[in-house]
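The structure under discussion is supplied below as structure tokens; questions concerning it will follow.
Chain lettering (A, B and C) follows the sequence in which the chains are written, and residue indices restart at 1 in each chain.
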């Protein structure tokens, strides 16, 4: 008779247990997202049914239609402009700065430490003096005011990430281009940028997502004109729960682009969120 | 010296070992290395913008904190240290600090341990692993304010699914006021925080664990080391550099926590869940205690700059 | 006129002196190899010539013009790098054309010149490929193509063959030699490999610790090394160095090694004196299996073979001479196994005597 391993040690049992744990965990982490999405498709009756409706009878888009009709959906557009423009500027300025830090050791370690430490500052402590400054300039509730702030706040991350990607580049390519007749600037555009383009793209996406997800700066520095979708969501918070549908629909509008962009970037995800600590 | 084939003179220069320009009596042309300012041009725009968020708030907060600006009056004359003296007497501030620390020291280890356990679970290959991992990532990438809003819906006393599920187990309808009940408001915040950020820890630790050289753990196994011994002697030290950075990033995120609490409780009930960020906001934008808020902002920036710089240097992050 | 003239060049990094006072002239059309052990300053010297480093002292002239502070792009040089430095996102054609495009060469001319360079290197069929689709040898050809297409005044090679396997290295070496003969361009070539240096160079410049140890034709350096370092660096297997003393014998001189063996010196040197300690340098190739009567200047020794390393047609044998293990390169059929007693002829015409104090050849 062949000896049997104890039940719990058998490979089949182990795999079953691991699947059970994996499914339970995934349910816990996914269910709230499911709930958010499903509410946005529910009718008011379904939302305020007791006991709750676990899945709607039919998908209907009335909640979204209301957002577009009232003009609330414009806040998503505002978020897009703010995050998009600031990301582009931060990528250009941050990448050339990172290049200088890596290739010429500009400012040495002190400058690098100072730059990354700016990433760790509490937004509220920065937002308050900036708010006072913007009041003085009349920049509160303006696109350029927020774009400048988002750009500045994104820069440490961009510089930090691009520093890592540029360090991975072979120096010889740039030297070869110099000998072949490029100026320093041409080396940047013709060699460095194309060489780091995947890192550039991944970093840009994360920078965009961070700005897109911001709430505090937008809360402090906007009034009516350039409200972002995150601020708009909180406008529906109230005593009564009547705005559930709007909260859910607006949140979904703000979440879908993030899911899409991150899904395309699985390979860079870990490097992106660990600020380069793990190279994927 | 050996004569060369074409009669060309070559040879050793024994005259100069000095590094001075023109050493050995040879005239050096006057000139400069080409493009020597190039590296500064590259950093100027970025540094200028960074000073806006890095230096300006610090200096301007300091200036304003020595003035006396409130909603009622604008007095820009030097008013000494009254706002800093006020800081020490402000019980609400100290409580906010305490709340912030409480959230940090509880949520951070929770996320870390849970993330590590999940990483262990998914470390070995299993069919469909990539799908699980992709789904688990979702909470981390959505906006914290949306995460808070989502859990606001989840926690609703009457129409939220949490109470409904608890009701199934209890056998009677439950109407727990999660975000209002003083005993449950912190657990609600922790659930939301852990839900959003455990996947962050999980992803990073999974990558770190996968990068461990297998021969190390196999050698330990052959040497007869048990599971825990292997874990503490080999696995943990191997992932520590990465884990330390994850802890630093998350720790600092928690210290400045704002969005989730704003969405879930807005600091309530009363001021029970007011963190330092929420309190600063309330002082600056609801009570309009401008100079006092500036004093708080200055202290927070100054303190965090010191701590963060120390931590970054300590971990050798800049190398 | 010399294409390159270097006068008392200095370069240091931080506290480390990489190049300390080098004088060098390279004539038009000459193939000069800078060779030396790692850290000798050869790469720094080349990079300074290219303009990738700025000298700290001395002058650097290309075609009669001082270029110390001239940008690399304005020096009229082309360079081939160790790791090929091909742009991975451009195909072979664009890689070769890169330098021409950077100089705004008209499209028609770019095409003819790239085609001609590709023909010369036999890579015409690869022009559409990306670098990652090429083998190591093909990449090296493209890298060379990128240099020759420019018609630069000066060609610089920075250890271009060190990443290739042995067989390809031989092939590319002859390819480079052939190109030099066809193009007649001035070439400066850095390597740490003495065989490359010997086979390619019109002139070898041997560097050590940032200075020129000796410069000359390959045969000059091989036959008449100026120092023990040069004697040891060139030639494989390495020259044998045996501590010895000078002794007067009859009308001439003899070299007496540690175990009392005396080897008559056919040609006297300046400054020899009785009892003067010297180091006797003997190349393994100058020790042969005794055959018939001894030729003039040769000394016959009876030795006991300790070690045999066959390499195919040749065999390296080791035997003690003057208390030092000494290597001789013989025909493989000359010796069968360790322990064998054989007679070896030592060609004392080509023996080198070195002063043990200064390490200079007497």
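One rule holds for everything that comes next: contacts are C-beta pairs under 8 Å (C-beta built on N, C-alpha and C of every residue); 3 or more make two chains touch, one makes a residue touch a chain.
Note that the structure is predicted; figures quoted are calculated from it, not measured.
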Chain whose Cα centroid lies at the greatest distance from that of subunit B: C
Pair sharing more residue contacts (C-beta pairs) when A-C is set against A-B: A-B
Length of the line joining the C-alpha centres of subunit A and subunit C, rounded to whole Å: 56
Centre-of-Cα separation between subunit B and subunit A, whole angstrom: 15
Multi-chain contact sites of subunit A, meaning residues that touch two or more partners: none
Contacts with 2+ other chains: residues of subunit B: 35
Residues within subunit C bordering two or more other chains: 51, 71
Of subunit B, residues touching subunit C in the complex: 1-6, 8-29, 31-35
Contact set on subunit A toward subunit C in their complex: 170, 172-173, 175-183, 186, 190-191, 194-195, 197
For the subunit C and subunit A complex, residues of the former touching the latter: 50-52, 71-73, 75, 77-79, 81-89, 98-99, 102-103, 146, 150, 156
Complex contacts: residues of subunit A adjacent to subunit B: 15, 18-19, 21-22, 25-26, 28-33, 35-36, 39, 47-52, 54, 93-94, 96-97, 99-101, 103-104, 106-107, 109, 111-118, 120-126, 128-133, 148-149, 151-153, 155-156, 159, 184, 209, 212-216, 219-220, 230, 233-234, 237, 241, 244, 247-248, 251, 254-255, 258-259, 262-263, 266, 269-270, 273-275, 277-278, 280
Residue ranges of subunit C in contact with subunit B within the complex: 2, 7-8, 10, 12, 17, 20-25, 27, 30, 51, 54, 56-59, 66, 68-71, 202-203, 205, 211-217, 220-221, 224, 226
